[in-house]
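Read through the structures below before going on.
Shared between the two complexes below is chain A, which pairs with chain B and chain C, respectively.
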Partner chain A sequence: MVNFLLRRVYLLCITALILTVIAFSLEHWTVHTQIEGNILTHYLDYLVSIGQGDFGLSITNNEPIFRTGLVAFASTLELCLFAFLIASVIGIPLGVFAGLERNNGLDYTIMSIALIGLALPVFWVAIIFTVLPNAIGWMMPIDGNISPLFEVPVVTGFLFIDSLLVTEQYQFDAFINHMAHIILPSSVLAIFLISEIIRLTRHAITMVMKSNYIKAALTKGLTRRQIVFRHVLKNALPPIIYQLRLQISTIISFSMAIEIVFSYQGAGMWLFASIQQEDYLVLPSAILIISGFILIKSILIDLLLVIISPIKRKSLYADQ
Partner chain B sequence: MLINNEFNEQKIQSPLQYIWSIFKSKNITVIAMWAVFFLIIVSIFADSILPYSHTLQHPEMRLLPPYWVDGASVNHILGTDDLGRDTLSRLLKGMQLTLLGALLITFSISILGLIIGATASLMKGVKASIMHHFLDALLTIPTLLTAIILIILFGVSYENSLLAVSLSLLPQFIRGIYICIENELNKQHVIALRLDGATNLRLLRYGIFPNIIEPLTTLLNRVFTMAILEITTLGFLGFGANSEQVELGYLISKSLELVYLSPYLALFPGIAIFLIIIVFNIFSEGIRHSVIEGEE
Partner chain C sequence: MRYIPIYFSLFLLSACYQTESTMTDSLIYCAAKAPKSFNPQISHDVATLDATTHQLYNRLVKVDPISQRFSADIASHWEVNDAKTEYTFYLRKDINFHHTAYFKPSRQLNADDIIFSFKRMLSQDHPFYSINNAINNELYNRPFSGLVGDIIKIDQYTLRFLLNKPNATLLANLAAHYAVIHSQEYGQQLLLAGHPEKIDYSPIGTGPYQFKSITNNRVIRYQAHRTPWQAPANINNLIFDITPNSSKRYAKLLSGECDIMTNPASSQVDQISKNPKVALSSKPTGNISLIALNSKKAPFNDVAIRHALSEAIDLKTILSAVFFETAMSTQNLLPDHSWAYNPRISKATYTPQESLVELKKNHFDFSRTIRILAPAKNSIFNPNFYKTAELIQANWAEIGVKSVIVLLNATELNQVLSHGDYDIYLTGKNPYIKDPDNLFRPLLSCNASPLEGNTSQWCDAQVQSLLDTTLLEVNFIQRVKNYYQLQEYIQAQRIYQPIAHMLRFDVFNKYISNLQVNSLTGINFQFVKKGNVINKEETQ
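After this line comes the complex of A and B, so read on.
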């Protein structure tokens, strides 16, 4: 276990180092800094300043890029997590049904829904969703993360927590307002996630149902319900988590596109606005923030996988 | 000596014929196959079947709805936009750029990725581990972010957006190919071929490639889908096509401000993207199934 952990941390360090090299060369390329003297000492200086959390100042509003980027990325994460919550509540039961009733009418219906969800371009669905409340006659906010009426100070960057911290001022109004703002963008993202989760769950369930211990359980005389709850669900979980881990960068890509349609103040909007103002210093910082998050998260998920399934302990490379 | 030519029951089908016979036994996959051919042919010859030029403006007929709605003109089947340009022509032109661009990307990625992935999997030692770590680092960056960064380095144009998308999708494909070949290398028939003294090229041609067709179709399908989505996303964000080269994502972004006046303008390009992706998905899923069944 300790050996595994050491190996993962070592891999993380190497990957992080390569990422800083990429970010460093990108910064030199886009900002056209004149290099005087040794490039290695420049790189070391860069590493030291990154270590202190100093990514430079934005040329448009003179604020530290690192802090702005972290706050923006926190709202992206909030969006992703909320969408993931919706998607797993809807997707996992559907996937389990499809996997258990394989090649059945129900299975075909669920899989067609999943196929349609994967084929829809997310930004187009987002546009449809911005028009939809107006067409149906609902009152739903379609831009921003929170109404400008509420002045919520940035403490953690996650608006759900921050809006709870100002309850003595606004009661729960800020929280509910933020909830109303996040529902439409996250349901767009959830459409993609639901189809992905259905596909993965169905595949994992069919793989487990083929295995010998299920046959053994059947011969033992357990009912179908007992088999599903005792054996199938527990053993189908690790491959689903493992595959979803590989999808996280796609999910972040999609959520960045969705944010731009809904003008939701997240990482996508931050990047888009900065690029339009030709503030190219944000690009290396965005790489470092987003990839750093993905790296740390992949280690955490690896640890989780090792805890719930001992087979994974032998794998050497962090196969992203 | 008896020669049995009358009854061809004993004739053994070649693997390809067998896969084809399984493939054509399912209606939906055959329909999807013809739809794929139809889409490709339409987009190749789009310039000659366009009813109007995609930049021709009809100032007297602006924002027309499609022909089945009241107040429409039969000359413009799917209506016109705010400058009176024919929607169908723009849609066909956009489909040409998006679909052919994605096919080009898939083709070039598959060749480059196969070469790099195969060399990486047959390499050992320091070179392989450097490659591995580099790929690990590249794979942590989201593809959209990579594409946007590359676009900014190259300059904004449709051709550069194709280049950026293909470079951003390449690491995923290489890693996929690498894992497939690595799984195959530990099998007994490959070891037997090695012991016979097969060179690496022969090993790949006869030992490995016939056995990785099924994961390869999945990978190619994934690359194609992601390519379409990314080209259109870049076009939508304004990093891809310009006003001369209408591309489906660009069409959607231009219709965004008119979405309350004429929602059809935003509706049709999205449906076109959806149809392209779903038709290609069903087609490749059909191939995958028949390959799996053919192998069993």
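After this line comes the complex of A and C, so read on.
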């Protein structure tokens, strides 16, 4: 286990080092003002300061970039998680049905819907979603994370949690308002995710349904319902999680595009506004924060897989 | 499967969502831009005026929105001496400054605050004279700084303005957006703390709303003045939600996320005016889009050619193709709501064939190429300079006049304007104060350079004398007569060809009432009332 972790951390360090070189190059070419010393000493100074969490101050509001970036990224993560929740609730059952009824009418219908979801450009769907609620007379907010009426202090950066911390002042109004604001952008993101989850689930279910232990269960006389809930779902989950891991960076990119359309105050809007205001120091910091998260996340997902899947556990002992 | 109930309960929970517009003590105004600062003395853009002048501050005098006369604000009344060179103002004694988290006033407003505020524009010895580049605002403040010699404190609540010479525009200057009153005590506190720059970004005034916070240059929060000296505001929380995209502003207005929005897209105006749920307020502004004809250079140094070529331009088409419905066609430099507006001046009509005859009669050189100069960047005066220039070019081509369009950025433009190397120039002018002199002088005075506004390079003794005598004239009827005469002269000489006066649009939900919009000083939320949305919908 220790060896497994060490190997992962080793890989993480190398990747992080390459990322810092990219970030430093960006910083060096855009806003770097240090004259004394050579480029190597500048790079080492840069490493020391980011190691201390000092990414510099924003030129627009004089606030530490690292903190602003983390808060913005927390909003993006919240959006992704909420979209993921919606997508799982809709996508997994549909994928299961499609997998169980493979090559049937239901399968074709579900897969056609999934294909349409994949084919639609996210930014276009987002724009449609900003117009749609009004067109059908559904009063849904289309701009921002929460109404400016609510002054929610930043504690965790996750607005769902922060809005619950101010219930004394606003009861649950701020929480509900944030919920209403997140529904449309997360639904757009969920369209892409649902298509992906349906495809992955269908494939995983088909593979599991072909395995011998399912045939054995059938001969044992178990009902279809028992087989699906007891054996199929449990065994189909690890490959789905493993595949979704690869999609996380795509999901974050999509969510950043969606944020700009909905003016949702996350990492996408933060970067967009910084570029507009020529606050270029934000760019290298954003690269480090976002890619750092993706690196750490991949290790955590590997660990999760190891915990829930006995087959994956083999990789723990691969060095022996 | 077990998550399905959770998901649906979340959706049901969001059904509890009430639109923001149901909260009657809060008002959300969807603005297009963030203000540059919170002091209209140093920032003169519409966004700053909207966010500051009427909300945060008061002036010595103001313009009554109904009678359009000067009325008391901080000054209860005023007197003028016989020579018309001294104005004595008597201040109200009950005016409180804002009491905020960053400033707790120990006294009420007195003459020191007035002197402190005005001296920032007048005296280089003032500690705030050069703070936040206030010094660069000379162009805007010149009408004021040029006419006042000194301000003397008579007692705590009386002060006297000493003018360099008699000038009828003092009251108009004191009612202008830049004549707002700050707290001297707050200024001293900031100097002691070593942060004088905060005076323009964490403002303290006496207006109906006090500043609370600004977040990410996106949300500005105000709350009603805690100890108001005027009628208290009906709205407790005033919020400016900066939404740069006009379609989104309109969508937010419809979904109840905004109560009032400004500046709808010109293409949306027609649709908005048909929507029964919202009201559209359109106010003509003093901003005028015009064509300057370079009178120093042939062929436009000839009045007959100026007439002929300007009457070969189809202004109606320009208005509908470039401005849509966001501007009002005009023949006059002054807007029709100005007290000096002359409705009887002769009208220029689109008569290309008569123009052609006139050009031939005056031996116009048809082989000559006329240079149409325009800024590369569109501005509040014209949503599309290039299209306007193209239409003029096409009109002239029909009668055989050749022209070339030159679009330049600001730096190059200034050089060309200084050298006078152009034939016509597409431009505009926005007056800052409610006095015609503020519009006419930069456009026509011999002392005004092209960079200051005199892009026709006009200079003649008759206009100059009319401008100067009218400025000194104290008889109101005579001033009106003089300006009537001036407008007739401008039209006869065709010094400028006005295209249109720009309109300012604000859209608000029907439950909003008493919204006041002043085209020169900005929007005023002091008297705004917000009805109960739900009750209104039920009764309909």
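Some observations on this one:
Note that the second predicted complex is superposed on the first by the 307 of 320 C-alpha atoms of A that agree within 3 Å, B and C clash if a C-alpha of one lies under 4 Å from a C-alpha of the other, contacts with A are read in each partner's own complex, and residues count from 1 in each chain.
Simple rule for what comes next: a contact is a pair of C-beta atoms (placed from the backbone, for glycine too) under 8 Å apart; a residue touches a chain by one contact, two chains touch by 3 or more.
Since this is a predicted model, take the numbers as computed values, not measurements.
Partners chain B and chain C, once the complexes are superposed on chain A, both fit on it without clashing. Touching more residues of chain A than its counterpart among chain B and chain C is B. Once chain A of one complex is fitted onto chain A of the other, the partner contacts of A:I18 are limited to chain B, with no touch recorded for chain C.
Shared-chain residue A:V131: touches chain B and chain C both.
Using the contact criterion defined above for the overlaid structures, shared-chain residue A:M179 touches chain C, although it does not reach chain B. By the touch criterion defined above, A:L120 reaches chain B but does not reach chain C. In the superposition on chain A, A:D143 contacts chain C only, with no contact to chain B. Remark: in the superposition on chain A the angle formed at chain A by the CA centres of chain B and chain C amounts to 90 degrees, rounded in steps of 10.
In the superposition on chain A, no contact is made by A:V154 with either chain B or chain C. Shared-chain residue A:A216: touches no atom of chain B or chain C.
With the two structures overlaid on their shared chain A, chain B and chain C come no closer than 5 Å at the level of C-alpha atoms.
Comparing the two interfaces of chain A, the one with chain B and the one with chain C have residues 130-131, 134 in common.
The residues of chain A lying in touch with chain B in their complex are 11, 14-15, 18-19, 22, 26, 29-30, 115-116, 118-125, 127-128, 130-131, 134, 249-250, 252-254, 256-257, 260, 271-272, 275, 280, 283, 286-287, 290-291, 294-295, 298, 317-320. Partner chain A is touched in their complex by these residues of chain B: 132-137, 139-145, 148-149, 152-153, 175, 179, 225-226, 228-229, 232-233, 236-237, 249, 252, 256, 259-260, 263, 266, 269-270, 273-274, 277-278, 281-282. Chain C contributes residues 1, 3-4, 6-7, 10-11, 13-14, 16-17, 19-20, 23, 26, 28, 213, 215-219, 221, 237, 239, 241, 243, 248, 251-252, 254-257 to its touches with chain A in the complex. Contacts from chain A toward chain C in the complex involve residues 60-61, 85-86, 88-89, 93, 130-131, 133-134, 139-144, 147-149, 151, 172, 176-177, 179-180, 183, 263, 265, 273.
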